[in-house]
């Protein structure tokens, strides 16, 4: 079964995680996506994700208030993304 | 007895306290003294006290390293002293 | 050397403090900051969400940065997640060193950086049933930025 | 509001910390500094002498100054005197406020000022029977002076 689950993961897919109000607006905590080759950085990925649902569109409409991480490191809009990456979108952090 | 103790206190006397190595060199924790009228400030009191014993002389020979308080407030050499004051001499503080 | 924990359970300030000097005589000072949940504007609870995995990584990075800047003998960061009631503790930062200045500065640095550099998000729940995400404050960014 | 104590007995960090937020929900942060006795150069014990009366006065003045500079919800200064062994606590400073910056700054201010503005003197006793008075450090004067 594990092998079966794994076989369904496309080699060009990336894991996208959402937190806080980004998660609430998107309506998902995470999803596996396979953006087209034209999507090469965080900014491009945000634009592409916006088209996936009304929830995505609403979340990413607040683009300036959204922060991103690639493979668990904070990054800027021009950071490259590629298959196999773990990408996360969330509001500015408010811990402490 | 209380009245008797009190009557032995001269009206022109002041209480002088010593702490840390000043106390050890003077050989006293406190004493009641009646300096002459020419003694009007901390500096003058230090000079006068120096003449009281070898221990006093040794303690006040380190005058620059000695701090003073009058009536429990830190003060400088030119602070006035008068009968009834509580005067203290000690090294720079090292608490905390 | 460093203790880093993200947990739902409350923590024991005395035990964490004692752990930094237990069995050793080279610790001159332990500075700490304990963050508590205030009940502003009818707040009923704070709900803290985080990014498991990245949180621990980010905290480890912040602690390593502090250890590089100050000669610490030990360091502890514990951050709670989940539902926290007014008056309850949220976060504990401890920094121990031979000298007080290192401990005090490292502690302030850790809490300032933690506020802006670790993936936690607070949602406020109010007595009237309303709920809202806490917005990041420019003053927190400024506090973190002052460390250069 | 403020707790000021000079005592021979050890103190309870957890109880003192808890006392600053007990029964209230307006405290956002408690910063603390715990000073401990190090065993440098074969130290066997520290003996702390103070000026009874003036000490309490001086500490009250320092606390009042901190309360005037920062909006504190509470503040605690406990300083031990007498014989203190390596690893044992010497001094505890706590500052509580709605906001972390006030608590952190007030705590650092209190310990800096206490080091130079309260009449305590430390004598070091060594394993070989020698004893010497600790000399004041210029760095402590500088730390206190930076608060203006």
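Worth a mention:
For clarity, chains are labelled A, B, C and D in written order, and residue numbers in each chain start from 1.
We adopt the following convention: a contact is a pair of C-beta atoms (placed from the backbone, for glycine too) under 8 Å apart; a residue touches a chain by one contact, two chains touch by 3 or more.
Just so you know, these numbers come straight off a predicted model, no measurement behind them.
Identification of common neighbours of subunit A and subunit C yields an empty set. The centroid of the Cα atoms in subunit B and the matching centroid in subunit C are 50 Å apart.
With centres set at the average Cα position, the gap from subunit B to subunit D is 27 Å.
Separating the CA-averaged centres of subunit C and subunit D is a span of 23 Å.
The set of subunit B residues touching two or more other chains comprises 96.
Counting partners per residue, subunit C has 35, 100, 111 as the residues that reach two or more other chains. Contact between chains, using the touch rule, shows up for A-C, B-D, C-D. Per the touch definition, subunit C reaches subunit D in the complex via residues 12-14, 17, 21, 24-39, 86-87, 98, 100-101, 103-104, 107-108, 111, 143.
For subunit B in complex with subunit D, the residues that touch the partner chain are 17, 19-21, 69, 72-74, 88, 90-96. Note for the complex: subunit D touches subunit B at residues 35, 48-51, 53-54, 57-58, 79, 90-91, 111, 114-123, 133-136, 140.
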